[in-house]
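In what comes next, chain A is part of two complexes: it sits with chain B in the first one and with chain C in the second one.
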Partner chain A sequence: MSAEKIKICEDLYDIMPPEYQDIVENATYGKEGRGWKDIGESKELIEQHSLCAGCPESIAFRYILASLPAPEDTVFVGSTGCTSLVFPMVAVHNIHSLFGNQNAIATGLKRALMVRHPDKVKDVVVLAGDGATVDIGLDMTMQSWFRQEKFTTICFDNELYANTGGQESGLMQKGFVSKMAPVGKLFDKVRLPEIAREAGCHYVVMMTSSKPNRVEKAIRNAVHVAREIGPTYIQIYTPCILEIGKQSMEGLDEMKDSEGIGGRFTYKEYVTDAAAALIKEMDDAEKAAKKAAREKAKAAAKA
Partner chain B sequence: MDLYKVSPGPESFLPPAAAKMGNVLPDPGQGHIGGTIVPEEEAMEMAARKFLEGKVPTIFPGPLVLWHWNEKAAKKAKAIRALADAGPFRLIPMADYRPKYPKINPEVEINPNHPNLTIWHNEIDVCIFVGVHCHQANLSLKIIRGGTDCYTMAMCAQAGHEDACLSFRDATVEKIERLTWWVNKLKAEGVKSQAKEFTQFKHIPKWREAEGN
Partner chain C sequence: MNKKVIPEDRKIISSTHVKIGQKNQKDQVHTEPNEFFYGVERITKFFTGSEVIQSAIKVSHCDVMVAYPITPQSEAAALIGELFADGYIGDYFRGESEFAVMGQCAGAAFGGARVFTTTAGPGTLRAMENFPMWAGSRLPIQVCVTCRGVNSPLSIQPDTLEMSYLLETGMLIWHAETAQDLYDFILKGFIVAEQPDVHVPIAVCCDGFFVTHTKDTVDILPDDVCLPPYDPYKSPVPCMDMECPPVRMMRDPFIMKSNYIHYATHASWQQEIHAAVERSRKHTIPFLDGLIDIENGDRDILIIGSGTAVSQSREAIRLLELEGIKVGLIKIKTIRPFPHEEVREALKNAKTVFVPEFNIVGWLAREIKAIVPDNDKIIAGPHVAGGMTMPSEVIVVEVKTALGLNVEKIKM
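Now for the complex of A and B:
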């Protein structure tokens, strides 16, 4: 797949439904410097979503899709959960795996893509919920990190099994009582970011999706570090507003409340030296490009 | 064992797979009509005749010919357009296979998961699939035979489809053009198209109109 292949045959162009024409003409495939600010201006890579009204996962999805460095050369691997309901609406290649197997599938996929397309960069991104990542799929998740597989793992952490009624997950906070876990969680939230660091991830971030800039930077860094160095992990708090008894407009407040100092989702980042050097290099290149563009614009204005 | 006749439905909620009933796929140079293996030219003539007899003959181009994967896909798209113009036959695209919930616009597209909606809405009585991946075509063909009386045909780039009422295989650009030739030949011999008048849905973005396309 490449941006060139996301084109409609000219002879049948006029019979294609308008949303397909729109995505070909106005989406950001192949665009340098794409990011969350394209949302609302360019055609988004997510047509619609089947999540609940006000679900923070839907906005996290938007930010992530808008932040991928090369969506036309990216394959998502998903797993059962709320996220899997959205993938049919997403204009990026994706594979649905058996519950918990996502990192094993991604391993095979990434290796196959490297053999099949040795001269191209193909990104693989795992996106799964906390049940798939931390409970049922923890073995596959960690083994892929031990093996230094070069792909990014994103966990949408809503702290429970949302679409089956609110069962307790490993990432649920201690003492929390949910509809299907009436006794309350008896042990602490699993510290997966720390586990990821110790298991060999080169770039680890824990955050909420309340700040698009931050999500964009984390996704960009994670994908590039995974390409060049090794596994990366991002854990994003996307609260299930239904299961924690909130209204649809309260998701953002919930995320903001939980990321304050001492909160469960205070921004946390672990970066290895190699990853830090790569990120610095990218940042410097970006700054230089912006500076050059500004100077070019100034020169053009003078002329 | 008697041959299982693959005729227009509605057969049942889920018709049996023709392969399970003992029907076999045509060899190169052959096609099948209702499950009976025939020479390819005979299947082509029958396909052209069925299309001209139909009240709402419709071509369903799939992703393999709608998207510009390579130059061959573009050439096939051109040949399909020429076939549609030869009738004229209606074109309704199957742009991808995702389950389009909560709604699909059956006037402008067909979805393999609910092809019957498009058939019912437009009262399509003859259709042909081209450029649809085999597993999705099989799914659609069975659903259509299950719930509608549409005569289904499949122009397959691989080995043909036993679940279509008529199918031929190895559909190259030349074979699509051959079918167009058969349509034109029958018309020249006096076979008149029975198609109802229709307006092909077209979506031309404003910027393209401005360019004069």
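Now for the complex of A and C:
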């Protein structure tokens, strides 16, 4: 989509909702090098949300939307759960259909967009919770990777079914006592990043959303690798503070505690050679652009 | 596409798509539907039902087809793969299960594609959660259902029980009797389902094996024409391709609120889906020459049915006529929308009505009994199930027994 398409016709400008005017005037559609630092500077692509106060998922959501390389040509596919409370208020197209079929939807969508818009790049990004990604939807998640479908899968891992009230999920840690795990979960946290690597993902990251620049980098890499090479997977710890008995201000600490050495969410990534080469190319180009900008600024200062 | 053009003899909705007259990637000319269905000279072929499905898709300008093996639709699904290899279809692949396939179809339709798939029996039931989702999302996907048994122990034989599960999904449901019906229903089904004031999915059903695996003469269109493309920007809901501005669809999320406004939103949405199914009548009636066909409808005894039960009844009626028993025949072509008025009117003067069916529950008889005031005259039968054929003689016996006539033992 060209950013022109969202411009409001002059005669109707005053009757459009202020949020829409704001999106047209101040959002970062079409902006080169957009990123998390735009948050607070320009209109975000997420308009409110009804998640719990302090929910780490909400901040991860904002970082991701701020980091998309081309939101004006990106379509999201969600699933049932807390994320489906946010998507209706997001200024990119997004699809909710059923619980667990998100990677099947994304497969059909990406292929249809390639058939219908052969001359344009349309990014498809799946964003779903751990229940949808790993439990009910695991076959469709993995099969899309086997088939080398060219889209990014993001899993908001809160280690339980949050929206239904904190039941055990496959990504829950072993021994954790929750609803439906009354004596503690009996088996290990499913190692989806390793499964993703083996199933054919070219870029896999396990992280928390405690560091926005890291989230930005992972999203940029994942979307570009998916666009050019094949499937990518990002698993982000977004603890459900409500269900693990934390206060609303404790989400960040929870993420930081879990990502230390030996923690459940210590940063790790798996990158294929092809993906590594592409990422290096992008990094080099970014560095060169920054250098050029610096020199230009210097030259301007001298003059 | 929605503009009404009424040639004097054919009152059907025509298309005003900008690509009419232009060629597609295979040099097929996008042809205006009036001309496509009634003007272009057809070629007579002797084809299996599976080949008929392939032939229809060949001229349908289909964007995406997703396949999965299950008897008796596997052959058709594989033949469409050959069309993809030849460049007639935008994309084609095998999904991993019917549940996933129907999701993949939905994804493609959300992205603005004309989508076709096929399934049968247990596959239909495995995919079931998707069908009301398709309807609720206003996706005009076409699924060809080649009916087979859904019972356990495992059966792959023909049986129409699975259609009863589809009745309240919000889809259009058409039931083809013959290969010719199947061919025309598939192509006309795309056009009706894609009308902006309908825009719901369609299940074109046929009886597995009896239609899919037998050969029949069928008049098909030449390969150098095809349907006009689907125009997703005339959809009543936004096409999810970021080519139109994203809108904030609701003030609050669509779930999680227990208040009257949310209940009302959902209720009115459902009402609209079912209203859209009813609205399809005005396009379907001219396209299919009515939702029902009547042969000798003024007779005291009538047989009413759908699918191949109609073919068997037609032969039974010939046998009965040899014995001087005159029976009329009503063929129901669309199960959804159900032809309430038409059936009520057609059965008004009949004294006895038989509903032969290829399933054990007699769901079609139930549908008919529910709308006819003097429904004690409706005899739900004969029924066969589990893959049995329905010899015409069985229908003859049913009729004669009900009339109190002597029935000779059927010699098998």
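The rule is short, and it goes like this: the second predicted complex is superposed on the first by the 301 of 303 C-alpha atoms of A that agree within 3 Å, B and C clash if a C-alpha of one lies under 4 Å from a C-alpha of the other, contacts with A are read in each partner's own complex, and residues count from 1 in each chain.
Note that in this section contacts are C-beta pairs under 8 Å (C-beta built on N, C-alpha and C of every residue); 3 or more make two chains touch, one makes a residue touch a chain.
It should be emphasised that the depicted structure is a prediction, and the values quoted were computed from it without experimental measurement.
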| said: If we overlay the two complexes on their shared chain A, which of chain B and chain C does A:S50 touch? Say first, second, both or neither. | reply: both
| message | I'd like to know which partner A:K5 touches here: chain B for first, chain C for second, both or neither. | response | both
| said: According to the stated criteria, A:V75 is in contact with first (chain B), second (chain C), both, or neither; which is it? | reply: second
| task | Please work out whether A:D139 is in contact with chain B alone, chain C alone, both, or neither, and reply first, second, both or neither. | result | second
| task | Would you check which partner chain A:P18 touches, where first means chain B only, second means chain C only, and both and neither mean what they say? | result | first
| Is the number of chain A residues in contact higher for chain B or for chain C? | C
| query | Can A:P88 be said to touch chain B (first), chain C (second), both, or neither? | reply | both
| field | Overlapping contact positions on chain A, where the chain C interface meets the chain B interface | value | 5-6, 20, 50, 88-89
| chain A - residues contacting chain B, complex | 5-12, 14-18, 20-22, 25, 50, 88-89
| request: Show which residues of chain A lie in contact with chain C when the two form their complex. | output: 1, 5-6, 19-20, 47, 50, 72-75, 77, 84-95, 97-98, 101, 104-117, 122, 139-140, 143, 147
| field | chain B to chain A touching residues, read off their complex | value | 61, 65-69, 73-74, 76-78, 80-81, 91-93, 95, 98-99, 101-102, 105, 108-109, 200-205, 207
| remark: chain C residues touching chain A in their complex are 63-64, 66, 90-91, 93, 95-97, 99-101, 103-113, 115, 129-130, 133, 137, 238, 240-246, 248-250, 252-256
